Amino acid sequence: MDKMPKWADVILIPLISLILAAILSTLVILAIGENPVEAVNLMVTGALGSTYGWGYTLYYATNFMFTGLAVAVAFHARLFNIGGEGQAMLGGLGVAMVCLYVPWPHWSIALLAAMAAAMLFGAAWAAIPAYLQAKRGSHIVITTIMFNFIAAALLNYMLVIVMRPAGSQDPATARFPEAVHLPTLHEMLAPIGINFSKAAPANISLIVALLACVVVWALIWRTRLGYEIRAYGHSETGAVYAGISPVRITIVAMLISGALAGLMAINNVMGEAERLVLNSTEGAGFIGIAVALMGRSHPFGVFLAAILFGFLYQGGAELALWTSIPRELIVVIQALVILFTGALDNMVRMPLEKLFLALRKEAN
Amino acid sequence: MTVPAIELKGISKAFGPVQANKDISISVAPGTIHGIIGENGAGKSTLMSILYGFYKADKGEIWINGKKTDIPDSQAAIAAGIGMVFQHFKLVENFTVLENIVLGAEDGGLLAPSLAKARKELKDLEQEYELFVDPDKRIDEIGVGMQQRVEILKALYRKAEILILDEPTGVLTPAEADQLFRILDRLRAEGKTIILITHKLREIMEATDTVSVMRRGQMTATVKTAETNPEELAELMVGRKVLLRVDKVPAKPGKPILEIENLRVTDSSGVERVKGIDLTVRAGEIVGIAGVAGNGQSELLEVLGGMRPGSGTIRMNGVPLALSGPGSDGQARRAQGIAHVPEDRQREGLIMDFHAWENVAFGYHRDPAYQRGIFMDNAALRADTERKIEKFDVRPPNGWLSAKNFSGGNQQKIVVAREIERNPDLLLVGQPTRGVDIGAIEFIHKQIVALRDQGKAILLVSVELEEIFSLSDRIAVMFDGHIMGERLPHETDEKELGLLMAGVAGEAA
Amino acid sequence: AIAEPAIIFDLGGKFDKSFNEAAHNGAQRWANETGGTYREIELQSEAQREQALRRFAEAGANPIITMGFAMADPLAAVAPDYPDTKFVAVDVSWLDAPNIRQVSFAEHEGSYLVGIMAAMASKTGTVGFIGGMDIPLIRHFGCGYAQGAKSVNPDINVVANMTGTTPAAWNDPVKGSELTKAQISQGADVIYAAAGGTGVGVLQTAADEGILSIGVDSNQNHLHPGKVLTSMLKRVDVAVYDAMKAGENVETGKFTMGLAENGVGVAMDENNAPLVTDEMMAAVEKARQDIIDGKIKVVSYYENDSCPALQF
Amino acid sequence: MDSFLTLIQVLDSTVRLATPLLLACLAGLYSERAGIFDIGLEGKMLMAAFFSAAVAAVTGSVWLGLLAGIAASLVLSALHGLASITFRGNQLISGVAINFLAAGLTVLIAQDWFQQGGRTPSLFAGGRFEPITFPFAETLSGVPIIGPIYSELLSGHSILVYVAFLMVPATWWVLFRTRFGLRLRAVGENPAAVDTAGVSVVGLRYAAVAICGVLCGIAGAYLATGLQAGFVKDMTAGRGFIALAALIFAKWRPWHAMWACLLFGLLQAVALRFQNIDLGGIVIPVQAMDALPYILTVVILAGFVGKAIPPKAGGEPYIKER
């Protein structure tokens, strides 16, 4: 028998972990002399109280869905992809090249091309760590960390030396042409009579992200490849027995993961900034880890966790804007979520298992 | 009446829902060798680990030399004069023998004096018990027999008066085993108390003074060795009369299905494990491979099953198989009509976290019958599972349970069902009944024989000589990567096979 | 109600002791004098620029003051969406939107003056310049400085280094410190830091190693009294103060603040009084007047992206 | 002579920049040799940097600052121990969490205490580790070759620099010449062997993690009170990861760790001093120099230049009962 029911594993444990993280976050807010109730109020109104707030919340959530899915897919193959940040940066590079160097007649075609480029660049950046893990056993966590730094240096070089328009002072590409402007929620919802804030950056990438959730779900639970990825993730020896090549699965899973992380660039680079700037990823690659952990690597869980983090991000930005609480509060919350749902999982799990065991003994 | 060296009273231990030890009591007289036998999973190792402070008992008392002793950790056990040689050695592989011996028993904070002292004492111990080792060799440079001596020396260095050996002969050749028993005799003569765990009745009969039998976590009997016999012990072990032979009609071997020529296998650390073997398996026969674990049988099965590369020639139905690179993996082997019941069902044959119905497709998940468009046809899978559960009497009959929630025997039934139902030309079977109860053993054996009777070829690897004898139509013995000889079961006996397994060439035997 | 003004500090943060801190001081002065309140944010990342602009505009802040050239691009995108809001862009001079006040400074003129002081204070005949991010604006500083130094001593050796190529260069005191040590080993005994927060490391190390340094933007003389020769003042505080004072009616267009407008200058106070000789004082005063009168023309780096007095 | 002086200068700055790397690298060495992977070196250093600077700024005593830095780093170590030893969680995830926790908390607390945008006030004499001048450094500086080497390169660093370099032989000695070292290495290779030998795996691992905390604490304190005069947000700037890279580069051996850190320190020193390096026509952009430590690490990990084999039990929690 399982030690406890599935619902406890999937819902109860993350929930308790989340509550613990929330309690500690409250303590942190109290410790810096702020009022947690007010802070939460401000966050809720700022992030959910207007279509403007929702627009930013959903914009951030879109980023996190992509990176969360990226981490989740790799988790299914028991690979820890810490390289989402670098892969997303490279995705941005791909998007910028497509948008700047090709004259597009219409945004829709440009979007498809940008998606392809983003996925290609993201996957390419994951390919080397994947290959080294598969073929040479180099620990993928370390190599992907290294690749994040290398990506930052590469992007720095591209923006400072190669892609910066003549005469411009800041290391950023030129604005993308008007033709590749993606429809925002404002533009998309106006025809059906909803007046969504014009200023918020949420855009059609949100739809792509939702589609990506569905596609990843189907991939993992409904296809042969997903079956093989999961089998490999649960047991490498089992995979070898079944004729599932560990090398192939490692590489394929990481390519998919990198492509998903790269795909984020259609949202932040093409949809929001409409140019490529340094640090455009804003740590979304790392937040993907928290999102995947909280979402238990299930696309639906990732979706929910991404919305939660989108809320935290927008709420945090509002806090920074209207109070003296620095935006880093969000980083602390994020750290606590990762800590409790990831590293201290057993702290919640072990007592619960005992509890359920005792309950069952009683029932018998 | 002397005071018992060890007395356990009412020991119970559960791992989550598994009750590994239930209210066990046992008493061991000083200066004797006390055997403990029992099936796989009976709880022998758990009991000894409790005695050694490695696990903590949920209930019960431990008395050493007539004193109630608390053993919360191994430190306490060592202090109480207990030493243990684990089934899986606990040695640091990249340390030297000497470093392993002093580890945890150093004198003072500096290493050099400890090592010097240990080196000297080791000399004395070697002399005293004829336990020769090279103190400066690294563990990963010496063989298992030697490693075991290091483990024994570790215990003696810590002044153990009570020595526990958990299945010490599983990895040894009969000759090495004989040497071990001589050492144990000497230790007993010195007044030490020894607990010996094994499933091998022969060893119990030869080496022990008293024997206790465990079944399903309980102690079923303790008897004087001199007053019992193997048949009685076997019955005590499994709880009913043991069927030693499987009923089967004589084999009618047909054309060769599998032909192996000069097969060589090198493992990932560069050691050659199979050193050029030739073997043929024909349609309608079961060829059994006997041998002590670790003599290349596993590697042989793994190459045939596409789990690792090899070199040489293997023909299946006359067609050469790729032995490395593309076309040499498990998928290719299945396509060529080879099915494989792997040695380790939990690590290989099943994904423990998958539902039973997902496991029923494991390895065959690319079969078109399981596909619908680009997706897997889960409905078809579940229907297929229903049938197999029914036919192989898997209990509980619920395809939605995860594999880990079935007992060992039922897990094995799922694997066997999956492989046999493929109707393969060749079935590879590794340790088919390891950790499986007698009822399931009979059932699985019958299925294997039935497949043979349909004219299929079967290659069986088992470390249980009894199983080899009862199933095989022809027996090949492997030692050190070579096939030492082939025998027909009715023309040989355990003694002859034992010599072959120890590497004593056929002519001499 | 009267709209609140808002100010957006650049990545260095409002306590960078330099550029942003000058703006902060100007805003504080306005708040203290008028009792008004204003909104502010310190940017943490490139990607936040546009959001901050929009958020303040949405909330009705007016005028919205931005610090640094990097806000130019987001401003160009956002300003047209809020035609009724006035934006004030410090260090920007090349946008065309009717509702932006663009304020730039003649940094080369102020740098020329501190260059004179550096050359007169130097005993080794070598002076140093440490810039922040390598962009034309900072070269513009260095170029004026070199010209000033050479006007005193045509043979003077000016060593120049830039901290980096990204905005991180504004906030890298470790690197500022290492560059200072390097320049000292090349003989420099007066070093001018035009590097935002990085300059803190430059001034610190110069003080530790016993040479003189020159601060920038804000008056940094007090950071190491008696060790900072002077500071090249860039009256960002004035620009911010003026804009806040004018409120919603702030005049838009392009404005340059030079010596004549008191937009740049050198800092003289009790902290550096012992270091400044009368001779120095006189030379600086003369050059200042000559520049205002047009008798001295300090070449701007922008003119043809090169400097007559210094090779970068 | 001029280029010789430049060389001395670069090496001098190499020593300074290698020091935090070396301390963090040795910290990681203790932890990973005991089987606990630690990608939280960065976070611990950062936390220590902040608390050392903050306490030094408030009390004016750099030694109290150092203690506070070590204490702060130890708290994070304890958290890592709790997650990865007691609760047998994923060590990598715990490390990631610790890095974020430090990045966020330092700024949050700094803002709360000092209202200076996430920094501490600048430290003045007493609040900083001053350089130590060797005897006769001044007098000897004129002597050719030896003079500058003695007076510039060897003399004139803060005490923590010398501590860091002395930690190398000390670490070697502890690991390979003492009982504690033997047990520590054993627990990273096969914890079950240590356990059955009657030594507490948990105790050893906590000890290793604690030593790691102390060394990270010193590293962070050096950054904020030795190399710099105060804390600025994110001031570790990836040094924890470079230290990790150096550890792999060094294959978990103390002397090699020193050379690896000196190499990476040299790369940083060169990148600091020269923006783009012109090698007879080919210009190496500064970004390439920045990325070089990471690239080298990947090459090492790929096993093209000798294989880096981590301690066998590294990264795996020790679970007795399945």
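Residue numbering begins at 1 within each chain, and the chains themselves are lettered A, B, C and D in the order written.
In the analysis below, contacts are C-beta pairs under 8 Å (C-beta built on N, C-alpha and C of every residue); 3 or more make two chains touch, one makes a residue touch a chain.
Note that this is a predicted model, so its numbers are computed, not measured.
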Intersection of the contact lists for chain A and chain D: B, C
Contact-richer chain pair [A-B vs C-D]: A-B
Farthest chain relative to chain A (centres taken as mean CA coordinates): B
Gap in Å, rounded to a whole number, between the CA centres of chain B and chain A: 46
Approximate Å spacing (C-alpha centroids) for the pair chain B, chain C: 77
Distance between the centres, which are taken as Cα means, of chain D and chain C, whole angstrom: 35
Whole-Å gap between the CA centroids of chain A and chain C: 39
Touching two or more other chains - residue numbers and ranges from chain C: 165
Touching two or more other chains - residue numbers and ranges from chain A: 156, 160
Residues of chain B engaged with two or more neighbouring chains: none
Interchain contacts, given as pairs of chains that touch: A-B, A-C, A-D, B-D, C-D
Parts of chain A lying in touch with chain C, wherever the complex brings them together: 52, 56, 156, 159-160, 169-172, 175, 197-199, 201, 268, 272-275, 277-280, 282, 317-318, 320-322, 327
Residues on chain C engaged by chain D in the complex (per definition of touch): 13-16, 42, 134, 161-162, 164-165, 171, 173-175, 177-179, 181-182, 185, 197, 200-201, 204, 223
In the complex, chain A residues that touch chain D: 28, 31-33, 80, 82, 128-129, 132, 136-139, 141-143, 145-147, 149-150, 153-154, 156-157, 160-161, 286, 289, 293, 324-326, 328-336, 338-339, 342-347, 350
Chain C contact footprint on chain D (complex, rising order): 5-6, 9, 12-13, 16-17, 116-119, 122, 223, 227-230, 232-233, 235, 237, 269, 272-273, 275, 286-287
Complex contact set, residues of chain C against chain A: 39, 41, 44-48, 50-52, 54-58, 69-70, 72-73, 76-77, 81, 135-137, 165-167
